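Sharing a structure with you now.
Note that the chains are named A, B, C and D in the order they appear, and that numbering of residues resets to 1 at the start of each chain.
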Amino acid sequence: MSIAVIYGSTRPNSNTELLTEHAIKGHEVERIHLKDYHIKPIVDQRHDADGFDDVNDDYNGIIERVLKHDVLIFATPIYWYSMSATMKLFIDRWSQTMRDENYPGFREKMGKKRVYVVAVGGDDPKIKALPLIQQFQYICDFFGMTFENYVTAKASQPEEIKHNKEAYVRAEQLLNNIKQPS
Amino acid sequence: MSIAVIYGSTRPNSNTELLTEHAIKGHEVERIHLKDYHIKPIVDQRHDADGFDDVNDDYNGIIERVLKHDVLIFATPIYWYSMSATMKLFIDRWSQTMRDENYPGFREKMGKKRVYVVAVGGDDPKIKALPLIQQFQYICDFFGMTFENYVTAKASQPEEIKHNKEAYVRAEQLLNNIKQPS
Amino acid sequence: MSIAVIYGSTRPNSNTELLTEHAIKGHEVERIHLKDYHIKPIVDQRHDADGFDDVNDDYNGIIERVLKHDVLIFATPIYWYSMSATMKLFIDRWSQTMRDENYPGFREKMGKKRVYVVAVGGDDPKIKALPLIQQFQYICDFFGMTFENYVTAKASQPEEIKHNKEAYVRAEQLLNNIKQPS
Amino acid sequence: MSIAVIYGSTRPNSNTELLTEHAIKGHEVERIHLKDYHIKPIVDQRHDADGFDDVNDDYNGIIERVLKHDVLIFATPIYWYSMSATMKLFIDRWSQTMRDENYPGFREKMGKKRVYVVAVGGDDPKIKALPLIQQFQYICDFFGMTFENYVTAKASQPEEIKHNKEAYVRAEQLLNNIKQPS
């Protein structure tokens, strides 16, 4: 059971990161901090005769790392009630990979992943992050991924999450159905 | 009553654009095609001692054009059940403008806007775009904007929207409560 | 193509009824006004050794009428952001019918229905009725029904819906994909 | 800080009840089991010249007990992705109480309540109960109630909830922001 954490945070040591690191304590994971890479917005060329142009950025290297893992934890701050643009840039490009002959079977491979979401924001996320959670469910449905679990939590000031006891307790439950490596 | 259309499409002549242009027929509008500009992802420096660093891109020019208008129409393709990254990049940066002394009263000014949304996608948008609509409502609530109306519509292939009679009829109703300039 | 309208309204000539009647104009339908019948709340006996007790009320007569039709239009006022209790009483009892040997294949039979929803309420239904619509989608998913289309509309005072032009235009589109009997 | 639990369950010792009792352990509460009472569906007479007719059932006695408390915990099984009809019958009648001169200031009094929700169901409630939670938020917004917290949990067979460790841990957090009576 190999785990990747895909971070959509835009500052180091973010509340999202602190909570996620608590959730994964004791697990070996590969961390991917999207903010450290350059990903261009997708240009919809699904219907162009020649398909998508090659894009010169860091995306392919990241998706290759992601594909190696069984479990994907999407950890994102909640910006304007949805995932950060930093994370959305990454996810939008999946539409290109689905048509990229260098990645045959992309949809099927993604469909075998087990997905977790951690989302942290300042404006009543226990209610206002629910649309974001529903969107992740639709993404999982599209691929046939299992959306295993999620935690939403409230925090705004740096390190404020550390005082959110309920969030930490919930984070400890997040990966309950993954067996700890012995 | 001055209208801006903010396009999140990534190809010219998109289904989103065709439907929006039908909705605004007869109105004078300023069109902003976000795909034609470069906007960097926000870096969350809300809590830095010196605040946000200046960002060298096209964002400020766009937000200044947006601020001049009374009515904002957000027209976006539905990518992975939410707005395109192209549009999310733009909206995320509002958090920076709220703390930018060059834009005093940004939140209040935005709060006076009337908002419309056009969202077009291929995977059952009449259900699966509802979280996106709820997110726009939360955005409007934050500023005190009036979320006047929206239309979601199904289309995938180029120009497919032209065969979606229901979408066109709904688009014609979209701006019902704005008086036509005589 | 045989159509039943299941009304959850609690007063005659309700806004919900006016809008629905506009939507179905020219179609032959069977109207079921749930308010005219007595339906008891379900008692969850799914796990009782002897199963559900017989219930002495009007439910079975109604479900038999419903089962005869290909298309079901659920027309409900929006009370407290969901369907009326009058309608919920009816739907909750489906759990009993699924275990009632007098109705073999109930789930499969329901799964062949095509479903439409009309929902009318006073408090911003274009946003606040979206959870209700999502719930109908989940109900349809459970049975494998096709959730064809829906219209939500704003009205509160008696006959107020008659002034809601947008609602009437949308109602006219509701059954677009059902062929008119010639 | 006086607490009422309003149970929408339809069988004794339900999963919903077991989880709620765990959440309130150590608190003094008044329990209202709606299944033990008879409540008629509301008939919408808001616009009748003479207003609502008196209704001969148990509703008024219950609403009077509810009004005495500061904290309301709505504990409902999830039937067809929303609250049980048993609970909906009760809530729908609030529209009548708002116009009942025997209950002056009903809306304002309700607006001072702090609300919690416990919802237990068998079909993926961590996703499919989200519309129900959003509806409770809208109800709270209407009155100005504070929607303090909620827990959704998966269970179907009798007492199955006892094996849902995550649900129990979350239930223990539910009332975190209410001080324990010393």
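What to note about this one:
Keep in mind that, in the parts below, contacts are C-beta pairs under 8 Å (C-beta built on N, C-alpha and C of every residue); 3 or more make two chains touch, one makes a residue touch a chain.
All values derive from a computational prediction rather than experimental measurement.
Here the chain-to-chain distance from chain A to chain C, counted in touching steps, is 2.
The two sequence copies chain B and chain C touch through a face in which the numbers common to both exceed half of the numbers used overall. One finds 35 Å separating the Cα centroids of chain B and chain C. Measuring from the averaged C-alpha position of chain A to that of chain B gives a distance of 24 Å. For chain B, the set of residues that touch two or more other chains comprises 130, 134.
Under the stated contact rule, the graph of chain-to-chain touches is a ring, a single cycle where every chain has exactly two partners. Residues of chain D touching chain A in their complex: 126-127, 130, 133-134, 137, 147, 149-150, 165-166, 169-170, 173, 176. Of all residues in chain C, only 9-11, 14, 35, 41-45, 47, 77, 79-86, 88-89, 91-92, 94-95, 123, 128, 130-132, 134-135, 138-139, 142, 157-158 touch chain D in the complex they form.
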